[in-house]
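Okay, got some structures for you below.
One chain, chain A, appears in both complexes that follow, with chain B as partner in the first and chain C in the second.
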Partner chain A sequence: MNRGLALLALLVVIAAALSLSWGDNGLAPQDIVAALRGDPIAAIILGTVRAPRVATALLVGACLGVAGAITQAVMRNPLAEPGLLGINSGASLGVALLVIGAEGAVGHLMPLAGFAGAAVAATAIYVLAWRGGTSSIRLILVGIGIGAATGAVTSLLTVFGDIRDVQRALAWMAGSIYNADWTKLGWLAVWSLPALAITWCLARDLDLSAFDDDVSCALGLPLQAMRAALIALCTLLAGASVAAAGPISFVGLLAPQLVRGLSSRHAVRLPAAALCGALLLGGADLVGRLVQLPAGLLTPVIGVPFVGLLLWRRRND
Partner chain B sequence: MTEPTSPVLLQARDVTIGYDGRDIVNRLSIGIERGRFTALLGPNGCGKSTLLRALAGLLAPRAGTISLEGQPIAQLSRKQLARRLSFLPQIPRAPDDITVRDLVEQGRYPHRRPLAPWSAADRAACTEALELTHMVALADQPLAALSGGQRQRAWLAMTLAQSADILLLDEPTTYLDMAHQLELLALLRRLVDERGKTILAVLHDINQAGQFADKLALLSNGSIAGMGRAVDVITPETIRTVFHVDGMVLPNPMAPGPLFLPRTALTIIDATGEDATRS
Partner chain C sequence: MPNLDAILPGRRRNRRALGLVLLIALVPPMALWALTVGSSQIAPGMWFDALMHPDGSREHIVLLDIRLPRMLAGLLVGAQLAVAGAIMQAVTANPLASPGLLGINAGAAFAVVLALAFTSIDASGSLVWFAFGGAGVAGGCVYALGSIGRGGATPLKLALAGAVLTAFLTSVTTSLLLLDQGTLDNLRLWAAGSLMGRSLATVAELAPYGLAGLACALAAARPIMTLSLGGDVASTVGQNVVRWRLLAGLLVVVLAGSAVALAGPVGFVGLVVPHAARMLVGADYRWIMAYSAPLGALLVLVADAGIRWLVGIDLPVGITMALLGSPVFIALARRRSGMMR
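Take a look at the complex of A and B:
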C-alpha cells in the first residue's frame, strides 16, 4: 500500500529532475550541482526560469489531484472532477470579463479574476443545489447547468470583444505554466498548502462522505456541515490552481482515478492523488516544452482516451 | 450494571413525521425497552422505515419528541447519538471498491477523535464484530464481490463495531434465504441475551418475529395498532385489521408461542384497479 505511494514519489522526483535539466539549454546533473554551488549562469537558468516552473507544475498538479479526490467522494461519483463545481468555467468567465471588459493593462489581475470567478461559480452551485440540505446528485446536475451557462456567457464575450483581448483571454484559457515565477508560486503555496493540510486531516470524514446519507449520518458524520467544508476546500485548491495556471482539465479526474486501487482510505488516497496529479502535470509540462504547446492542451491528450477506457470498462455496470 | 428505573430506553411521544408536507406517521407514541428485542411489523407503506429513521435521529419529527433515557435526541450531537444508537438502513450503499474490513472499521467513526490513531479498543471492537457475524474469513474481500447474505452480515458487522447499546435495523432479513434469515435472527437474539443490546428491527415474517422477538409492535397507517408479546398481538382479528389477511392462529408445535397460518388476502381491487386495502 505504502509501496504505491513511495513509487509515485520516486516518479515525481524523476519527472522534476528531468524537467529541471531539459530545455533549450540542456543542463547536465553537474550543472545543477554547480548552480547549487553558486555558478551564476546555471543559477539563473535554474533559479529564475526552470525551478519556479517545475515547482508550480507539481504544486498545481497536486492541488488538482486532491481537489478531484474531494469531488469524487462528495459527489459519490468516480467520474466527477472539480470542473463540475464550476471552477474552470467560472474562472474562464472571470478572466474573460476582466480582459475583455476592463480598460488598460490588467494582466497582473488575471489570477485574481480567475480565482474570484471560480469561487463565485462554486458558491452559486452550492446555494442553488440547497433545498433544506444538499444532495450529491443535485450538486452534479446544478453544476452541469451552471457550467453550461457560464460557458455560454464566456463565448458571448469572446464574440463581441476586441480581437486582441479575446486572444489573450483564450491563451489564458488554454492553461499553461510558462510564465511561472517565485511570487506567483508563493501565492499559490499560501492558499493551497493550508488547504491541503486541512483536507488530509479530514481524510476519515471523506471516507464516510462517500457512503449514502443515512449511513454516514447514523455513524455520526455531521454531513451537511462536512459537505460544505469539503466543497470550500475543493474550491480553494482548484481555485488557487486555476489562478496560477489557468484551467487545466482532466488532472482532477485522472489523478484520483489512477490511484483508487491503492486503498479505499483517503488517508492514503489523498497523498497518492496529490503525487499522481503532480506527476501528470509535471509530465504534461515537460512534454509541452518539447512540442511547444501549453500543458493545459496536453492533459486532454491523455485524459480523453483514459475516460473512454473507463467507460469501456464500466460498460456492463 | 445497576438496574434502571425505567425499562424504556428509547421513547417517541406523540410524534408526527412526514416528508414534503405529507404526514406518514401521526401522533404516534412507542417505548423501546432496554435489553429487549422488539420487532416492528406492518404492511408496505405504513411508515415503518419513516418511524425507524426518526428514532435514529435522521428525520426530525414535525411534532412530538423522541428521547433517549429521558433526554431529547435533538439535543445530542450526531456523534454523541451515534455512540449510543446505531442504525442500518434497508439498502445501505458504500463505495463499490471497499473491503469488508474497511467497511467494518468505519463503524468506529463516532468513537474516534480527529487524528487519533487506531486504538486497541477500535481493533477489539472490529475483530469482535467480524467474529460475531462470521465474517473473519471474508474480511479482505471487496464488498461488491460478496453474496447478498454475506453483504448483509458485513453491514451488520459495521453496525456492531459501532458498539452502541441500541440497534435499529430496517428489514435486516430482506434478500436473505431462509437459512440466512434464521441465522441472522439467532444472532440478534444472542446480542440481546448475551450482550444486553436493545434491538428494534423491522421484520416481515410475523412468525419469525413471534419466535425470536420479545415484543411485537404492529404499525398500521402511521399509528400503533398493537404492541406486546406475540401471544397477545398475533390474533386473527389484529392481523386482519393490520395486514388485511385472513387466517388462523395455532399453537406453535416446536416452540412456545403462536403461529399464524394465512388463508387468503382480503385485498379489494376497486374499479380503477387501485389497491384499496389501505384506504
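Take a look at the complex of A and C:
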C-alpha cells in the first residue's frame, strides 16, 4: 500500500470528522457516539443535515478529482479541467433554462437538467473539435469557445428572468452543497460509482495516452475510441457532480496536480486524485460554512494561487 | 526601419486608403440609422431638430437622453476594444489575443464591482481608474501565468491562463453580488456588457480617455507594426522593444479599461474585428489598426441596434457579441490549432 495514499485517506477521515461536528450546533465526539446509540436530537442533526452533506462533499470532490485526472491525461495539459472546458457552463445553462424557463417548483429536476446540459456541451465540444480525428489543443480551445457561448445564453436568461428565479439559479450556479439530502446522494452514487470503477480499470490506457499521438498508436492504443470513451466518462463524472452540487471549479484542476508526485502510474494516481479532491471540497465546504459562502466560490480563491505556484514549479518540465 | 510603403505597389496602397475612407464614411449614416431604431417611432429627420432646438418634447428627450448616448457609447466601445485587440494580436503575435479572452475585461469589471460594493464612489470618472487598475493587474497576471515554462507565451497557454483568471474573477464577482441583492439588481445588466442606460454625462466623462487612447494607438501604429514582426527583427532594426511593449500594454489597458467602465465586459469585439481587418488588408498592422477602429465601431453599433430592429428585444450587446463571436472563435481554433501549441 502506497504511503501517500494512506496519508491522504487519513486526512479525509479527519476532515469528515471535523465537518460532522462543526456547525451552528456543535457536536462533541461523545454526541456523535450518542447519536449512534440513538439519542434523538443528535441523530436528527447528524442524520438529516450533516451526514448527507459531508458524504456529498466527499463524493463530489472525488468525482471531480478523477474527472480532472482524466482531462489532464487526455488533453496533456496541466490547466485542463472540466470546469474550464465548457462542461460546467453547459450544466449551468441546463439549470438556468429549467429554473427561469419553467413555472413552479422544479428543484427535484435541477440535477437532471444540469446533467443533460453537461452532456450536450461535451458532445458539442467533441463534434466541433473533430477534424479527421481530435487533437488535444482543439478540444481545449473549442471547449473555451463553447464555454463562452453557453455562458452568453445563461447571462441572457439571467438578464430577462425574474430576479427571484435568477437569484435561485445563481446560488446553484455558484456551486453549493448546503441542501444535500440522502435522495440526491443516492442518485449521485448511482451515476458516479460505476464510472469511477470503469475509469480505474482504464488506468493503463491513461498511462499510455500521456505519450504523443503517434507513440500511443504505435503502442497499440485505439486512440480515437479511447479518447471518446474517456471524455464520456469524464462527462458522466463531471455531470453527476454538477448535478449534485452545482458547477465547482478548480478541484478537478488542483487534485490531480497535487498528487502527481506520488506515482507515475494512473492505477495509483486516480485513487489519490479522488482522495485529494474529496479533501479539497470537504475542506472548502467546511470553511464555506464558517464564512457563509458557497463552497464553489471558495475553490477558485484557493485554486488560482495554487495554479500559479504549480506552473512556476513545473516551468522547466 | 524598413519602409514598406516604398516597396508596395502604389495601386494596392490606394485601394486600401479608399477602403478606409469608405468604411469611415459608412459610420455616420449607420449611426443616424441607429438613432431611429427603438420602441417608439421617431422620424429620421427629427434628430436635427432635437440637436439644434431641443424643445423638451418626448421624442427629443428620447433622442437626446437615451439613444444619442447609447449610440455614442457603442461607437466608442467598439472602436476601443477592436483597436485594443489589434494591438494585443500584434505585440503577442498571437491570433487569439484579445481583451475578453485574456481576462482584461474581467479584471476591469471586477475592480469596478469591488469599488461600487465597498466604497461610496459612483462617478464614472473615478470608477474608470479602478477599471484601469483591474485591467492592468489582470492582463499582467495572465501574461505571467501564460508565459511560465518552455516556449513562452503560446496562444494555447495564454488562452487557458485567461480562462483560469476569468473563472476566478467571475466567481469572486458573483460572491460579491450574491451577498448583496441590491447591487445584483443594479449591476446584472452592466455585468453582462450593455450600452443601456448610459447618460450623456457618463459618455462625456469617459470619452476623453478612449479618444486619447485611440489617437495614441494610431500615432504609434508604426512601432507596433514593427513589434508584430517579432522581438528579434524589431531590435535588429533599432527599436527599443521593451519600451514599446510596455507602451503597447499601457494603451491596451487604457482602451479596454475605459471601454469596460462605459459598457461592462463586452467580449469578442477585440478578437473578431482584427481578424476581419486582416482579411481585408493583409498582415500590415498599421492598416489593420486603422481598419479595426471603424469596423469595431460599426460592429458594436449594428449588433446593438440590429437586434432591436430585427427581433424587437433589447439584448445587452455583450451577449449579442458572445453569441456572434464564439462561433468565429471556434472556427479559428479549428483552422489554426496546428500553430497554437
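As a convention for this text, the second predicted complex is superposed on the first by the 307 of 317 C-alpha atoms of A that agree within 3 Å, B and C clash if a C-alpha of one lies under 4 Å from a C-alpha of the other, contacts with A are read in each partner's own complex, and residues count from 1 in each chain.
By our rule, a contact is a pair of C-beta atoms (placed from the backbone, for glycine too) under 8 Å apart; a residue touches a chain by one contact, two chains touch by 3 or more.
Source: prediction; values computed, not measured.
Asks: Per the contact definition in the header, classify A:129: touching chain B only (first), chain C only (second), both, or neither.
Replies: Touch partner of A:129: chain C, not chain B.
Asks: Using the touch definition from the top, say if A:179 reaches chain B (first), chain C (second), both or neither.
Replies: In the superposition, A:179 contacts neither chain B nor chain C.
Asks: Which partner does A:301 reach: the first (chain B), the second (chain C), both, or neither?
Replies: A:301 contacts chain C only, not chain B.
Asks: Given the superposition on chain A, which partner contacts more residues in chain A: chain B or chain C?
Replies: More residues of chain A are touched by C.
Asks: Of the two partner chains, chain B (first) and chain C (second), which one does A:48 touch, if any: first, second, both, or neither?
Replies: A:48 contacts neither chain B nor chain C.
Asks: After superposition on the shared chain, which partner residues are touched by A:79: those of chain B (first), chain C (second), both, or neither?
Replies: Touch partner of A:79: chain C, not chain B.
Asks: Could you pull out which chain B residues touch chain A in their complex?
Replies: Interface residues on chain B, with respect to chain A: 53, 56-58, 77-83, 86-89, 92-95, 97-99, 102, 106-107, 109-110, 112, 114-115, 162.
Asks: For chain C, which residues count as touching chain A in their complex?
Replies: Contacts found on chain C: 96, 101, 144-145, 148-150, 156-157, 159-161, 163-165, 167-168, 171-172, 174-175, 177-179, 181, 184-185, 188-189, 191-192, 267-268, 315-316, 318-319, 322-323, 325-327, 329-330, 333-334, 337, 340-341.
Asks: In the complex formed with chain B, which residues of chain A make contact?
Replies: Going by the criterion above, the answer is residues 76, 201, 204, 207-208, 210-212, 214-215, 217-222, 260-261, 264-265.
Asks: Which of the residues in chain A come into contact with chain C in the complex?
Replies: 77, 79-80, 83-84, 128-129, 131, 135, 137-138, 140-142, 144-149, 151-153, 155-156, 158-159, 163, 166-167, 170-171, 173-174, 249-250, 253, 293-294, 296-297, 300-301, 303-304, 307-308, 311-312, 314-317
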